[in-house]
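Below is one structure, written out as structure tokens; the observations come after it.
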Amino acid sequence: MRSRRVRAAWDRASLGQKIAAFAGLAFLHLPVWVIFLYAFTTEDRTYQFPPPGLTLKWFEVAFARQDIWAALKLSLGVASVATAIALALGTLAAFALARSRFRGRELITLLFVLPIALPGIITGIALLSAFRMGGIQPGFWTIVVGHATFCIVIVHNNVIARLRRIPPSWVEASMDLGADGLQTFRHVLLPQIATALLAGGMLAFALSFDEIIVTLFTAGHERTLPIWFFNELFRPRERPITNVVAVTVVLITLVPILLAYRLTRPNDTRG
Amino acid sequence: MTPAIELAGVSRLFGAVRALDDVSLAIASGEFFALLGPSGSGKTTCLRLVAGFDHPTAGKVTLYGEDVTGVPPFERSVNTVFQDYALFPHMSVAENVAYGPMVRGVGAVERRQLAREVLELVQLASLADRAPSQLSGGQKQRVALARALVNRPKVLLLDEPLGALDLRLREEMQIELKAIQQKLGITFVYVTHDQGEALSMADRVAVFRDGRVEQVDTPRGLYVRPRTAFVARFVGSANVIEGALARRITGSDQAFAVRPEVIEIRAADGPPPAGLLCCEGTLEEVHYHGATSRWHLRVGDAVLTAVRQEAAAAAAIPAHGARLRLAWSRESLVPLEAR
Amino acid sequence: MPALRAAAAFLHGRRGFYLALLLLPPLLWLGIIYLGSLFALLAQSFYAIDEFTARIVPVFTLATYRQLFSHPANLDIILRTLAMAVAVTAAAAVIAFPVANYMARYATPRVKALFYVGVMLPMWTSYLVKVYAWRLVLAKQGIFSWFVDLVGLTPALDGALATPVIGGPSLASSYIGMFVVFVYMWLPFMILPLVAALERVPGTLVAASADLGARPRQTFRHVVLPLALPGLAAGSIFTFSLTLGDYIIPSVVGAPGYFIGMMVYQQQGTAGNLPLAAAFSVVPIILIAIYLALARRMGAFDAL
């Protein structure tokens, strides 16, 4: 309602405020678009701007590279498994913590913030220390464990935010009309949190697909796509291919992110 | 006959707060029973214990002779109309109403039929395919009622069901609710903080205060024979007279209440009327209410209120500060229990 | 179904049991894997490496911490990282405030939606790709120097790069460049909580302030800003913590000086000194704990 109101003259944004806001937005966008441009440049040695010419040949070259395909496959696999684990555990936690009150709840809530409040490097080095102490060989599953840990938090946050918007009287009404806990979950709660689950899952997937900071510690000799990319940054000979992969990665992560955004927009929920 | 609902020594504690304190109530089958009290007096807590959303800390809840103290809401033949209606936003009106039969495993055809019947009862059959968000407040209220009635509960619980409606709609719905209750013969338990609503609709009323039941009686009984000062003031308005003033008027220390409409006002200079209790006061204010006006008079430390029919009063309103005599019959005085 | 219903009825009366059942799996995961790992990390930091065999000796010792704090170079690294984190947080707040304020209080619904997507899109764009993009932008012949040349400011840029400490041979290999990239990376994390906090300031408060005679600047200073503080604190937790722990940005863009994250990564990797890496990583944990305690006092957690 508030945003619909026409602003009175005394409370309008000044020109300076407007310029500052749009300049901030432009700052956020500049580098993203640069990448798209460079993927088509004919220059393969320097970062010359403006590019001397445009070509599609680097896409062809990248497409034929087996190492890129292997890294992509690993990344998609890890992201899928980590997302599945996160959806299950994050949703359970959200249901347990959404409305309950008990002693120690604050501590548990803190535990569910910690993996994203502490920098990724801590999660990485901590997991590595534990793996070393436990004699666990790094590989696919150690990567999954690292990713699932912060993905749980993402799913939990998404679902709990939605659960808290559901009035408790809906659950009571359902039970009052004869539905037990499972039926209430299926017919009342699940339809309400479905989009939040989907959104949380997609965010988790995108985060996992793109993760590098934790992964470098837990991957051992495995190479996810971000690790492949990271190594490439210090081997400047194949710059054009790096550009192509960069564009691909952006596109793969952006699609689920945009969908997730659509699903969680506040005005999207009915009722 | 076994009562529909019986609460025996029920208490509900939230930490150190006693939301309900040793409440005992028996509600007869087919009765329209109101739980009346200010907010926080325990009436909604009481309703939630009957519905099964909450469980008592101590005491027993019985439905038709069966102890349901620990029974979950979905195993009780009791349904609730919620204050915020609690309509499921992702279901149509018909789906909302058919929800009860659905979760009980009634087939699709039959439950559509059931839903239509109840929607006709509340005169909403034409809106069956609407979403709840497309309905007005009054329509939502009817859907909530239909949804609660579809299971044919033995007891219907209503938690301030008309609280969100405007005055005219509220009066319409009061009449309709009462009619539906009489038609179906279901026990209604009706929570409200509006004494007018309780008095006009209920067969009997329980007045709640601070987690306790202050008095249970018919509306007329409550009005004519309030047992405590709280009930006297909460149901209708009353002049509660106690202490020295009471002794001066009646010769006894016992507190009593006098309804404003039984007080007669006379000139102070005449002889004291025979057979009436009376006292003298000065006129402080006169509030105009259309058909009546309320006169506030200072008597000692207290301010007493008298209601006069406007037709009689308009002729001559004495000046402020005028000395007047207040008089009422001994029978209209209501002795109050000390609390 | 009857069995399920019986189970449901059983659980209904036992809320604690039901909660425990829900909470157990996620709690086991985070409790054992995550907390367990943090304890393993702590334990590692109290081990030391045998200088001759280069193997970890699993015996409690403070030698690693002594090594950490006795080398002036290590203290330099900690101070450098802290200074960068503080600078980045301050700059992000300054840039984010006008954006958030415009979004929350002035933008029409359509412009606001555009801003939301506009902030989310870069935030969720691949992290590595963004770092890489900045390398392209800041490179010697890159788009930034092209632009500076276009507007004829090349001498000013050269002057900035010639500044000792923060300068360097090019923007891509200077602290200025690194600072810009850090601010860029964490800016959305500052904008979003700020918008949330500012949206919660009712319009009537601004109207009331104006009604009582406050100029817009005074209203902002005395009404809007204090109420937005929790959002500012929440956002700064992200910018501060993310900067403290990052090791990719300093190794891809920036000057040769080390940062905490780089030390952790290098010590556990090429240097093979896991205990020292662990001890190094305890430093940001402590710094963040101090920062969180401060933020909590400002009510930052109400806005998360």
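Labels A, B and C are assigned to the chains in the order they are written; within every chain, residues are numbered from 1.
The rule is short, and it goes like this: a residue touches a chain if its C-beta (ideal position, glycine included) is under 8 Å from a C-beta of that chain, and two chains touch if they have at least 3 such contacts.
Because the structure is a prediction, the values reported are computed rather than measured.
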- Item | Chain at maximum distance from subunit C, centres defined as averaged CA atoms | B
- Note on the structure: Of all chain pairs, the one with the highest number of C-beta contacts is A-C
- Query: Just how far, in Å, is the C-alpha centre of subunit C from the one of subunit A?
  - Reply: 16
- Item | Centre-to-centre distance between subunit C and subunit B (centres being mean Cα positions), rounded to whole Å | 57
- Item | Inter-chain centre distance, subunit A versus subunit B - centres from mean C-alpha coordinates, in Å | 54
- Could you check subunit A for residues that touch two or more other chains and list them? 180, 183
- Note on the structure: Among subunit C residues, those touching two or more other chains are 8-9, 12
- Query: Of all residues in subunit B, which are in touch with two or more distinct other chains?
  - Reply: 72, 74
- Query: subunit A touches which residues of subunit B in the complex?
  - Reply: 51-53, 72-74, 78-80, 82-84, 86, 88-90, 99-100, 102-104, 131-133, 147-148, 151
- Message: For the complex, give me every residue of subunit A touching subunit C.
- Response: 2-5, 7, 10-13, 17-18, 20-21, 24-25, 27-32, 34-35, 38, 46-50, 85, 88-90, 92-93, 95-97, 100, 102, 108, 111-115, 117-123, 125-130, 132-133, 145, 148-149, 152, 156, 180-183, 203, 206, 210, 212-213, 216-217, 226, 229-230, 233, 242, 246, 249-250, 253-254, 257-258, 261
- Given the complex, residues on subunit A that touch subunit B span 167, 169-170, 172-180, 183, 187-188, 191-192, 270-271
- For the subunit C and subunit A complex, residues of the former touching the latter: 4-5, 8-9, 11-12, 15-16, 18-19, 22-23, 25-27, 29-31, 33-38, 40-41, 43-44, 95-96, 98-99, 101-103, 105-109, 112, 115-137, 139-143, 146, 184, 187-188, 191, 202-203, 206-207, 210, 216, 237, 241-242, 244-248, 252, 261, 264-265, 268, 274, 277-278, 281, 284-285, 288, 292, 304
